[in-house]
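Shared chain: chain A. Partners: chain B in the first complex, chain C in the second.
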Partner chain A sequence: MSSTVYIAGAGVISAIGNNTAEHLAAFKQEQAGIADITLLDTIHKGRLPVAEVKLTNEDLIALTGLVNHNGRTALLSLSAAQEALADAAIPNLNTWRTGFVSANTVGGMDKSEDFFAAYLADNSKGKLRNVYDHECGSMTEIVADSLGITDFMTTISTACSSSANAIFYGARLIKNDVLDVVIAGGADALTKFTLNGFNTLMILDEAYCKPFDEERKGLNLGEGAGYVVLVSDRVAKTLTKPLYATLSGYCNSNDAYHQTASSPDGTGSFMAMQGALKKSGLNPGDINYINLHGTGTPNNDSSEGTAIKRVFDPHYPPMSSTKSFTGHTLGASGGVEAVFSVLAIKHGLIYPNLRFKTRMKEVSFEPETHFQANQPVKHVMSNSFGFGGNCTSLIFSAV
Partner chain B sequence: MKIYIRSAACVSAQNTFNDTGFLTDVVEYTGTRLKTIDPDYKAFIDPKQIRRMSHVIKMGVAAAKQCLINGHTEMPGAIITGTAFGCMEDTITFLTRIIEQEEELLPPTAFIQSTHNTVAAQIALMLQCHNYNNTFVHKGISFESALFDAIMLLKEQDANHILVGGTEEMVDTSFKVLTRLGLYKRFPVSNLELYATETKGTIGGEGAAFFLLSDKASADNMAELTALKTLYKPANLEVAIQDLLQQNGLNIADIDLVITGKNGDLNYDKTYKDLEAGLFKNTPIANYKHLCGEYSTSSAFGLWLAANIVKTGILPPVIAQQEVSTRIPKRILYYNHYQNKYHSLMLVSAI
Partner chain C sequence: MLKNKHIAGSCVISNGIVIRNRCKEFESSHTNLTDVLLSIYQHYQFSYPKFYKMDNLSKLGWLAAEILLKDRSVKVDYKPEDTGIILANTNSSLDNDLKYQHTISDIPSPSVFVYTLPNIVIGEICIRHHFKGEHAFFIQQKFDAGFIHNQVSYLLDNDILQACVCGWVDVLGEEYKAALFLVEKKETEKSIPFSAENMDLIFNKVNKLR
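Here is the complex of A and B:
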């Protein structure tokens, strides 16, 4: 059970790039991916900024080679998973027990929306093809089939912490000697369902989001996918490329406060961070960078900030919310930010928290505002908190 | 390490909730959809909250709470749920309003309660349980995935008394759409004659079943969950089943009863019938989907059934495929497949 799990590959797609190299370039140039809506057909176009992946479904089909497209979430997922698997370059992959653990929250909702408009007008209408892959699990299955993975697959959906949970579930499958290789992470496409849902909660910023800023107004929704390739010690020994990191700590806790709101004292996030530190055997002072959940909503950032104070005061590591670049990619965010975390370790990077001006009243720290390279980054904490009080923290450590 | 089922509770289309006898009062339905017999939710949930809760949340919370009561446990070490479709009622309500109101003036409640983790979250909220909380949403193995997580947690010694359940609600819209997709029969049938029709399609169902898993031996545990295995498009099913038995030091002759996921669909029942003519040739068979209908987490009903059989030593005649033998089942193999893609196996033994 104490065996080490390594990260051997990474793949990501979001509003700031279609692969890891494009993301690193966007971070360096401090270039956010948030803009007016161009692809989603909604009345909120021109009013609510979002962070869309700048590729149409046809572009994504061409990129991934997926023939039967039945959901943008599957297309985004396949794109990032393909990159991660190619990046890991595991020799003789088919000789290892390989699994795919993926997370999402919307499933094939983009297609279901098309179906449902026709269905509501006439219950015998609506193309069945558009609703066939409605389930979250269908997205995972489509991608696993494309990657040729049959040994194990499952799907996790715990709102915005979904793919962080998928990553540590994947690691546990390796620790329990169920699998040798797991591609783990998650994906979510922008849909009218989620955009309108978050809009009803009045937590969307009509300007570009300002995470951890006293003047923050809300989040910007994004879309994307992020996966890491987790491998056992035995697999790691066969690799010729350097490993990114180990997954040294993880914890899932529930805030048990409210279906959507976070508790004022950040109980769930505090317990998740504490639990992950305990699992890794590290002290708060060992953490070199925190990739914040940092959605930009008044409630999340206040709660998360308070929890960070409880864990780290008075020595705060550099921290930032990369959602200021990618928007909040919901079920994908834990996977996307896990990729950023391992890239930070590999390249010695601290990412900036864009548009930050004023420190929040309740805390005595500020996020990093500029891109920094050549930093000593050995241990990165990545936070992902969601509706339903689901709070998960992961810790990645240099090998 | 041995994994025990300490307690269980099940809301289904039969009288399975509370001590109403073990399938002694079987309900016959005629149609293609079985709805649950709902317990008095007021006994479990604040009446002010009940009004706003969808069926799946109510079923899930009630089954979870009753399971904890049955297991004499106040605070579970983890809460894990499985559901393929999640909160369909709230999802469809919100989707309908988006379309009908053209994205304007939408109330948030349906959206808030539409996320797949709502049942697990509501249980945590009511119990004030800050422990591990997870939700699996993988089609016909959603419940098995949750159960697999629970077993790993116990083996890791990271939690004990793990509350794990499978929930699924069927609403009118999903029933209509799934009927159009060809899942259900196109004519009404008696659920008690489900396997005799030899036609395409099955009958739809819904339900919620929760279990408390523990690694602590106790005389009042219900059963031992000896093994769990899921397979995706297996090359050779018989070999895979034999492998699982062998890994547990068993062969098919050691199995007193096989509970199958037969659902009356001509196309899918063939897989079970092939096994009955082969590997299961000399093993008593039981079926259950005529009682609860087909749904993605009906395996939770199957496990509830298996645990109760080994606990009570009673094989209810309504599930037995053959003449009821006098042999009291001590070791049960559960086998189900979902559209011939996902196959799941569970070994349940008397303690």
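Here is the complex of A and C:
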């Protein structure tokens, strides 16, 4: 149970890039991926900005070689998972017990929407193959099959903390000697379903989001996928490339306050951060960077800020919400931001929180506003807080 | 390992009638469901402001759980992780889904939207009674006491739970019925054996009171 879990590889796709190298370049140039809607077919085009991956489904099929399925969540998932697995370059992978723990929240909803548009107009119409992969688990199966992973696969869907929970579940599978290698993270594509749902909740900003800013109005939805390759001590010894980090702490908690909102005093997020610190054996002062959940909604940022104050006051580490670049990628966000966290450790980076101007009234700290390289980044906390009060914090530490 | 299990209490709400532990306790003078639910809430003098925000499915389930557990100290007797809930119905959250759909043409209502899932009623009951153990919501054609019995027995026999609320909560328009059971391992003077037959008897008894 006490064995260390290492991160040996990372892969990511989002509105700011199709791989880790493109993401690092976008961060350095402080270039957000949020823009007017171009790919998603919706009545909100031109009104609500989103952070779309700039590749069409055909582009993604060409990139991944996934010819039998064209659900966008699976395509994004496979793209990032392929990069992560190639990056880890594990010798003789087929000799290890390997699993795929993948999160998503929309499944094949994009294709179901195509089906229903035709079906509702004429109930003899609509292609049934468009609803065949509707449920979330189908995405995981399609990608695991493409990667050739047969030992273990499972899907986690806990709203916006989904892929953080996938990573922490993957780590537990290794610690309990169930598996040796786990590709863990998640994916989510933009769909009408999520855009309309968040629009109903009145938490979308019609301008570019401003996380942790007093004047914040809401979030911008994004899409993407992010995976890390978790390996056991035994696998780590066989690798020729340097490891990114260890997953030193993790905790999940729930404040059971409201269906979609966090409690004002941030009880759930406070308990998640405290629990992750306790698990890692670190003190708040050891954390060098916090990748905030920081959606840009009045409720989340106020609640998360209050919880951070309770954990870290009076010494605050640098922190930022990379959702100011990628939008909120929902079920993918914990995986995408886990990749950013391990890249921060590997390259000594602090990412900027774009568009921040005014400090929130309830806190005495501000996020970082500019990209910084060559920083001493040994321990990174990554927060992912979901609807239903499902709160998860992960801590990554330098090897 | 199989363990003895007992129905420590029950509450059925149907046709404006509240039956607690197989005895009729209250009959509403109203016919409209929203009014029936409010009259039950007022009759028992409950005080829980969030009740007014709930959709009818959550109100019905919340009331049935409140009446089922009103003389029971489940919170004191068990750890939160040892108590759970297994529910089923036939109409999912369709009653509220339709109401939400009607709001879309005007301004889609966030407060109606957040109840467009059947398991929200489980959340409301868990928050109220501090249940933190296993829970599940099943959609089925009709009340299947055998199925519920299997699910709950598995959880109690394997010590995943020590006490479980289970049963049926269904609403569509003016058609509604709730039947909840508290299942525990300890036998009391008033408890009856936990079996599909006993759940069916209690579930159907309200029909004879019409």
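Criterion: the second predicted complex is superposed on the first by the 395 of 399 C-alpha atoms of A that agree within 3 Å, B and C clash if a C-alpha of one lies under 4 Å from a C-alpha of the other, contacts with A are read in each partner's own complex, and residues count from 1 in each chain.
Going forward, contacts are C-beta pairs under 8 Å (C-beta built on N, C-alpha and C of every residue); 3 or more make two chains touch, one makes a residue touch a chain.
These numbers were taken from a predicted model, which means no experiment stands behind them.
In the three-chain model built by superposing on chain A, chain B clashes with chain C.
Legend: residue contacts after superposition of the two complexes on their common chain; A:73 is shown touching neither chain B nor chain C. In the superposition on chain A, A:322 makes contact with neither chain B nor chain C.
By the document's definition of touching, of the two partners only chain B reaches A:42; chain C does not.
Of the two partner chains, chain B is the only one touched by A:137; chain C is not.
By the document's definition of touching, of the two partners only chain B reaches A:165; chain C does not. With both structures placed on the common chain, the touch criterion links A:260 to chain B and to chain C.
Contacts of A:388 after superposition on the shared chain: both chain B and chain C are touched.
Which of chain B and chain C touches more residues of chain A is settled by the count: it is B.
In the superposed model, A:248 lies in contact with neither chain B nor chain C. Taken together, the two complexes place residues 196-197, 199-201, 256, 258-260, 388 of chain A in contact with chain B and also with chain C. Taken in their complex, chain A has these residues touching chain C: 196-197, 199-202, 256, 258-260, 388. Residue ranges on chain A touching chain B, taken from their complex, read 1, 42-44, 105, 107, 112-113, 116-117, 119-120, 123-124, 128, 131-132, 134-138, 140-141, 144, 150-159, 165, 169, 172-173, 175-176, 178, 192-193, 196-197, 199-201, 252-260, 267-268, 271, 386-390.
Interface residues of chain C, counted against chain A in their complex, comprise 108-110, 113-115, 120, 123, 126-127.
Touching chain A in their complex are the following residues of chain B: 79, 84-86, 91, 94-96, 98-100, 102-104, 106-108, 111-118, 120-122, 124-125, 127-139, 141-142, 145, 148-149, 152, 155-157, 173, 176-177, 180-181, 230, 232-233, 341.
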